[in-house]
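Note that subunit A is present in both complexes that follow, paired respectively with subunit B and with subunit C.
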Partner chain A sequence: MIPIQKLHYNLEKVSMGLVAAIIFAASIGGIVEIAPLFTIKETVEVPEDLRPLAPLELAGRQIYIREGCYACHSQMIRSLSDEIDRYGPYSLAAESAYDHPMLWGSKRTGPDLARVGRKYSDAWHVKHLINPRHVVPTSIMPVYPWLMEELDTSLLSAQVSTLHRLGVPYDTSQLENVKTDVLAQSQPDSDEAEGIAKRYGKDVAVRAFDGNPEKLTEMDAVVAYLQSLGTRTKEPYKILSEKPK
Partner chain B sequence: MTTHRSRSVSPDDVDFKDGIQEVDPVTGYDTTGHRWNGIRELNTPFPRLVLVILMLTFIYSVIAWVLLPAWPIGKSYTHGILGLTQEGEAISGFVAIEKTRQSWLSRFDKPDFAALAADKLLLAKAMPAAVRLFEDNCAVCHGQKGTGGPGFPNLADAYWLWSGEPKEIAQTITVGINSTDDDARFAQMPAFDSLSRSDRKKLADYVTALPQGKTSAKDPASALFADNCAPCHGDDATGGLENGAPSLADHSVIYGQDRHTVLTTLAHGRQGVMPAWSNRLSSAEINLLALYVAQLASKQNERTK
Partner chain C sequence: MIATLSVVERQVGLLLSVLLALVGLVMAASAGYGVMAVHGSMALVLGIALIFAFSGSVSDPEPPADRIYHYYDAPIRFGIVMTLIWAVIGMAVGVWVAALLYWPEATPAAPWTTFGRLRPVHTTGIIFGFAGNALIATSFYVVQRSSRARLADAVSPWFIMIGYNLFSVWAVTGYLMGSTQSKEYAEASWYADILLVVVWVTYFVLYMRTLARRNEPHIYVANWYYMAFILVVAMLHIVNNIALPVSFSSDQSFPVWGGVQDAMVQWWYGHNAVAFFLTAGFLGMLYYFLPVRSGRPIWSYRISIVAFWGIVFFYIWVGSHHLHYTALPYWVQTLGMTFSVMLLVPSWASAGNAIATLNGAWHKVRDDATLRFMFVAAVFYGLSTFEGSFLAIRPVNSLSHYTDWTVGHVHSGTLGWVAMIIFGAIYTLVPNLYDRSQMAWPRAIDWHFWLAVSGTLIYVVSLWNAGITQGLMWRTYGSNGSLAYSFLQSVEAMAPYYLLRTIGGALFLAGAVLCAFNCLATIRAAPRGVEAIDRPLSPQPAE
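The block that comes next holds the complex of A and B.
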């Protein structure tokens, strides 16, 4: 019996040893395929213009996770030609560099949302979330009328700080103004609204997302988040503008 | 493979009655040497065909390592001599899709709508694509057949906020209405909360009665309308002033022309948003959609005539 056979023969008789060996053997594929993604430069280069989520958008992301929207919607356009044709440029890994956790998903009961930002109006999103059947009669998406309730912002500062500690580049002024910014993004006519553009860039949408600037609702947050999807860096759009003719 | 091999059995292997491998007389295969209450287990050899296929996959993987991106090496990886990438494949596939489409879509680069509409052969190719474009981008608001719904205008009737000319429709699609585009069309129905509630009620009754033609110039609301509303909606309330203010005298509505809805419109104002599509669709695609939308309306017209 050659030594390796002997090893296997003996291993078969030590069940915990066999379990450990199976785990080791099965993880080789994962280690070889996944681990290098953290070191290979091409996959981890964060675009210079990628901005972190503004506080209201971050609050919307938390609600998106709470409501399980990711169970039906992916946020990753695959690098396949027909996906590019339907949704736009494929998703880059680096686009979700500041997302903890990322929400790529693979289940598509509804359409991919990675490029949905700015595609529809705020009013449409509000109508659609309150009851999708009001605008898309055949939709099977659930209703979310409770999103019209007030947004709880008590944990938001802590959430932004946590992300900061995980490496998301919120600067001091962004960290200090979470409470002001979350309100100001839904109040375009307030004095504080200018601060959003100053801190997060002028491309950030500052609007009364749910139509009512007086009350800050979960709807404001979710719609602000949806409108930001695919708009936080221009990098992926270069793929198509620089493509060979 | 049918040689006898013996191996040592430890004394605590109580299942083993003996450790002797022997040849099964029926199949000619080895047994494993295990024996449970007299039942022995065959040591059937691995099928030769599967072994051959397994070897072929090994050979293929070596070829693939040479041709395709394979091994990670620190900050980089072996790119393979074919230089293929998943992303590159996707882009060239997409370019190929565009090229096929370009054979007819390029005709829509120049918005000579009269010529395009007359080319039946071209339309046979283009209209199915227009339907798909409309369903992917417009249907969630304007409805699958373009008939709209509360807040989203009907595009399949003969009543327009701006214009039913394909050229103007293309402009609307390109820049949007009240959108974030710098050149967007602007249309705002102001809130009339400055008017007294009773005036608003009078106006609401007046506007509700307009489509039925049941209003009269002697109605005191008629003066209110002339003062406050006519500058945008027109003296006879038929709109058409190219400012996005709809005719209030026809049966086509955006939000609704019942008393309750009109009161809401007057109290809070309205400013519907139609997004701009210049970043998502090419100008040829926009021209194609414009022709499609214009034809939706004329098809409807033929039906109602």
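The block that comes next holds the complex of A and C.
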């Protein structure tokens, strides 16, 4: 028997030895590939203009997760020319820096949504979500008429604080005004609407997304979220225009 | 269950049931309403039912004193029954979601009948429910037989079985009610994740204690694979699921990982769930049941060693092949691709070793449908690992990723390999566990075999076509230099393939239902009282 065989022959008799060897062999790859991602510039740098989601958009994101939209839609444009032509500039690591969890997705039964913000009107989204086949007759996307129900915001403040604790840079004023902001973003004519622009920047859409400013619905939240996708930083457009295509 | 426990063990069981009921009560009371309250109530009801069962029989007669010289098979019987139940549920939901992609309004519109909520019910129900129960049950069988020792304890196998199934039920009912972490194959909420950790640690301890009792100097190779499955799944599950609950009275939580780091952690988890849950554990199953059924020793012991360490070491690196051309740094993608290609060597070594083991037993493969399940499993294992290494090559992946090709690949592995080896093991185990010489309806095994093979082929071939068509339509440019097809055109082109896939899946499901009834008939035909009988430890090593 060559020595290594002998070694293994003996290892087979020691259960804890096998355990240790398995843990050792199965740890290396993960450590080498994951640990550096927390330090290297390429993956930790965040563009200056990247803003966190406004409360209403965050509520929309939670509904997007709840309904499993990610099962059919990716939010990750690969650096391939056809994807850039179809969806826009390829996605940067930094764009999802504040995303817990990321929603890159793995299957495109429907199109990528990373840059769907501002592509359609709010009314189109509302109609499409209530029944996709009303606007796109051959669509196979499910219907979501119940999104017209009232939005439950009871957990929202706690959610924003939790994200803050995980490192998403919500400032004090943002943390304190969650309840006001979630309403105001869908009430453009209210006194509080200006607060949104002050706290989240003037690019944030403040509209009655579902057409009715009186009632805050899940639809408001989802459409606000969809309209924010790809609009929270201009960095990808800058990078793409700098590089010869 | 209870008749096989000693009085002290019943008292421990009673105590654990009270604990479960209390945990359920606290969860339900603190949440008040919503998903966590429902899950708390489920635990409460289960705990109370168990309390009644135990308290009614604490003073029943003790089991035979010589039980230590017998195998403990009662939890395995339970695990096999759960495997069959989850098989039917998981595959039925699979057929349902497949149908929804062809008839999007096939079922009445309600939140819980939408594709997005049902898809994780399918994946979790089938991976954790069906495959997981099969792995745990067979591991109990294999570790006892190959060690010639009884399970080290009588309460913990039940704790593992019941806790594990409670986790699975919490998970799938949670998705239906809209509670999900959205991480693929790790969608269950934070408290379910904690339950799984507790169950898993118990499982590991039981496994090691049983090995420590072995009457064999060597640990048989099947056990290494089961050990790798237990250990690495624990590592993956814990790291990927670290999350901060929004409040302790709600199911909501946010993972501590975000952005690109989350993507890497998720696919490190996701691919190794395939590797250590759906591959390593099942290789353990293969290395035990194939030699037993064919009556041939493993062809090459040396290859089994090399392949084992190759699989354990290489697989961990390959998760990043899910993120080609994304915002993940290029060198990580390259590592993932390189190791994925190298992985073909240990994978084919395992598949080849299994097939070569059948040398000299080909007449049995021809005549015995059960052995044929195992043979076909080994073949599909070889085919899908080849396809996997191929799909991990960056330019190939640029075409296949995000398309149905991936789903076709997944199912060539899961239908062709995982499900087939499970059915092979079930048809071997069930008669054995219920003291029958064979299944109640031996002909039905043949029927099942052909339903399964044809279902798999229809499924996989139609999705190859679907995926390649999709990938090509997305990247084709017209003569004027702009994209030739809209996304919607690619959706429309999928319809015939989605229909075919649904048909293939329905055939496969029909086979599984047949298997469940066949097992039911076999169990019904078992001699009375077989549940409580334990088989004596065999004087010979089992393999």
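What we mean here is this: the second predicted complex is superposed on the first by the 224 of 245 C-alpha atoms of A that agree within 3 Å, B and C clash if a C-alpha of one lies under 4 Å from a C-alpha of the other, contacts with A are read in each partner's own complex, and residues count from 1 in each chain.
The criterion applied here is as follows: a contact is a pair of C-beta atoms (placed from the backbone, for glycine too) under 8 Å apart; a residue touches a chain by one contact, two chains touch by 3 or more.
Just so we're clear, the structure is a prediction, and the values are computed from it rather than from any experiment.
Once the two complexes are laid over each other on the shared chain, residue contacts for A:V136 go to subunit B and to subunit C alike. Legend: residue contacts after superposition of the two complexes on their common chain; A:A93 is shown touching subunit C, with no touch to subunit B.
Judged by the touch definition given at the top, the superposed model places A:I40 against both subunit B and subunit C. Legend: residue contacts after superposition of the two complexes on their common chain; A:E214 is shown touching neither subunit B nor subunit C. When the two complexes are overlaid on their common chain A, residue A:G68 makes contact with subunit C while staying clear of subunit B. By the touch criterion defined above, A:T162 lies against subunit C but remains apart from subunit B after alignment on the C-alpha atoms of chain A. Applying the stated contact rule after C-alpha superposition, one finds that A:D189 touches neither subunit B nor subunit C. In the overlay built on the shared chain, the residue A:V32 is in contact with subunit B and with subunit C. Partner contacting the larger number of subunit A residues, of subunit B and subunit C: C.
Applying the stated contact rule after C-alpha superposition, one finds that A:L80 touches each of subunit B and subunit C. Residues common to the contacts of subunit A with subunit B and with subunit C across the two structures: 32, 40, 42, 78-80, 82-83, 85-86, 90, 136.
Subunit A meets subunit B in the complex at residues 1, 32, 35-36, 39-42, 78-86, 88, 90, 118-124, 127-128, 134-136, 205, 239-240, 243-245.
Contacts from subunit A toward subunit C in the complex involve residues 5, 8, 12-13, 15-16, 18-19, 22-23, 25-30, 32-34, 37-38, 40, 42-43, 62, 65-72, 74, 76, 78-80, 82-83, 85-86, 90-111, 132-133, 136, 138-146, 155, 158-159, 162-163, 165-168. Subunit C meets subunit A in the complex at residues 100-102, 104-105, 109, 111, 114-117, 119-120, 175, 178-184, 208, 211-212, 217-219, 224, 227-228, 231-232, 235, 239, 244-247, 250, 252-266, 268, 276, 302, 305, 309, 312-320, 322-329, 332, 335-336, 339, 398, 401-403, 406-407, 474-475, 477, 482-483, 487-488, 491-492. On the side of subunit B, the complex with subunit A involves touching residues 5, 7, 72, 74-77, 86-87, 89-97, 136-137, 139-141, 149-152, 179-180, 272-275, 279-280.
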